[in-house]
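Below, chain A partners chain B and then partners chain C, in two separate complexes.
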Partner chain A sequence: MPLLKLRESQIMKIHYLTGICAVFFVAIHILFRLIMPFGQSLEFHNVVANYHNIYYVILLELILVFISIHGFNGLRIILLELKQNQWWESTITILVLAAMIGVIAYGTRTIIIGSQL
Partner chain B sequence: MSEETNKIKLKVYRTNYNKEESPHYDEFDVSVKRWTTVLDALLDAKSYSDSSLGIRYSCRMASCGSCGMKINGRPRLACYTKISELNDQTIVCDPLPNFPRIRDLVTDFTEFFAHHKKIEPYIHNEKVSIDVVKKDDLVEFKQTPEDVDKYLQFSYCIKCGLCYSACPTVATDTKFPGPQALSQAYRYTADNRDSGESTRFNIVDERHGIWRCHFAGSCSNVCPKGVDPALGIQLLKGHLIGITKNDKKIATLRSKEE
Partner chain C sequence: MGIKPNSENNSSTGDDIRLKSGREGLMGWLNPTRYGWERVSYWLQRLTGVGLLIYFIGHIYETSSLVNGINAWNSMLELTQTTGGHIFLLLVIGASTFHTVNGLRLIFTESGIGIGRPGRPDYPYDATSLNYKQKSGIWVALLLATIAMLYGGMVMFGDVT
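And now, the complex of A and B:
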């Protein structure tokens, strides 16, 4: 699989960029919570209203993608250091990649259902 | 003028894996003066108390890097550590962590040197043959003092292994080259006589390579020669990721007439 052939420096570049982007977009997400009293912003109709705003939906999707890539690669790095053999490294890489795709797919499904796109 | 003599207790880790001896500490009372080093104290104990004490040492002047050990919980060179600077009446000597142990304070450096060798720690330059036999075929590079400054501190490395023993990543990841090898990779990358950076980048840019450094910085903390391996590793990461460019111009050769 070509994705698994990426050099470690390329993976780490993606890791750092997704980390920076996640911080930026999560900051916007938090600011959205603060434009009205925090408790009120989490009330059902306000949350649903957010889901019906296409820009907010895109923001949520981007946060989901960036945090999933950054987080699962971080998990892969931690697990790689536990054992040093080819089987473990390949298994961890495949499992983490599958979990990342699964979380993004499930999250995207939730966002699509919530936004009634 | 006579110097004041103090008595200290030397606790030394003892074991012999060939004899399946269980690890324990032996205690020796040693007389020390203001300038007595830990190595002097260990040699005193070896000469007058227990000749079977296993220590590795050579130059006694922090040049060979043979006498690295953990002294009072910190990796240090025994010949470069004065008892008086430790401010303790009990000096505890352990073998270096992260190295396989052979006997007492002697550890096995095979893996450490294998990592060092793997990064090809020598000048790669297509213009110059490395198989020079005749003296007349020897060549010189033109290098300015500024060119030398870029890698000089990293060339002070004596391969004592203290940084390797202090590294938290080496403790868990046996394939990780360690701060010594990685800083030497940077040393040759920054050297403008060398043109083999792509070869070296391929070696360090792997799953268990340079990216597993978490920048704990303990390597730089323990280096007895003032080398900053953590800095070298971060600079090399910058080159690999493309944040910084290694825009060195390869040094020209000095002709015989010059």
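And now, the complex of A and C:
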């Protein structure tokens, strides 16, 4: 029985959608680094000021979630191309999901604390 | 006359056995020879994807130094805002641009756009799906990645904002 009750075609649609959305959100994220000289935009006070902007915080969280889903599912696809059997598929899916949740949780912690600085 | 069985022509080596069993493993995945640009694009898409995932995790870790205050943040910047750090960032820009543009090509391809009509497989058996549109897409991805790297280089090393 497959671990996830999603068909592979549905997972691929999620993969493509998260990828396309991530491109737009990352473009905005990069623009925030280019509204002033690159080095200056990375100064502590400028970065903290970004974290106090609620729209930017939402954008960061969306980037975090979308790229995590897209990236870890991509890794899962690569690993499933190398070998196929039920045990391998289930193990990889569990590990990838755990890593994805861990990265999202760690990044969300930074966003929450950063917005309160 | 005629073709002799393979066993009479050659002695089987380990590579032959591996190829015959169809199990080339990771080396088969990485081997760009015997294939065209589509194969290069296939593994570049995967290598850039894995590279970007590693960078993404590193970037989240790097950014988390923000919560430890200005000194921790500046220490992290001293590590990353160097010539080596900027060159690494240029590679990330190139990889992300290629991955994006080639990924869009793959989405179109999976939707049936740009692969042409199915045709009878005549000699020399070139697949109709591997046509100039697909090849152009790969070249456009490489070209845009180069342009993005040049612009990124001007921003990081020059005065362009």
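Assume the second predicted complex is superposed on the first by the 113 of 117 C-alpha atoms of A that agree within 3 Å, B and C clash if a C-alpha of one lies under 4 Å from a C-alpha of the other, contacts with A are read in each partner's own complex, and residues count from 1 in each chain.
Rule of thumb we're sticking to: a contact is a pair of C-beta atoms (placed from the backbone, for glycine too) under 8 Å apart; a residue touches a chain by one contact, two chains touch by 3 or more.
Source: prediction; values computed, not measured.
In this superposed model built on chain A, chain B and chain C take up the same space, so to speak, and clash. Once the two complexes are overlaid on the shared chain, A:L82 sits against chain B and chain C alike. With both complexes placed on chain A, chain A has more residues touched by C than by the other of chain B and chain C. Applying the stated contact rule after C-alpha superposition, one finds that A:L59 touches neither chain B nor chain C. In the overlay built on the shared chain, the residue A:C21 is in contact with neither chain B nor chain C. Once chain A of one complex is fitted onto chain A of the other, the partner contacts of A:E8 are limited to chain B, with no touch recorded for chain C. Shared-chain residue A:L95: touches no atom of chain B or chain C.
Put simply, of the chain B stretches 58-66, 184-192, 202-210 or 220-228, the part that bumps into chain C is 220-228.
Once the two complexes are overlaid on chain A, the chain A residues touched by chain B in the first and by chain C in the second are 12, 16, 81-82. Interface residues of chain B facing chain A in the complex, by the touch rule stated above, are 169, 172-175, 205-212, 240-242.
Residues of chain A that touch chain B in their complex: 7-9, 11-13, 16, 77, 80-82, 84, 89.
Note for the complex: chain A touches chain C at residues 12, 16, 19-20, 23, 26, 34-39, 42, 44, 47-48, 51, 64, 67-68, 71-72, 74-75, 78, 81-82, 103, 106-107, 109-110, 113-114, 117. On the chain C side of its complex with chain A, the touching residues are 25-26, 29, 46, 49-50, 52-53, 56-57, 60-61, 63-64, 66-67, 70, 73-74, 77, 81, 96, 100, 103-104, 107, 110, 155-156, 161.
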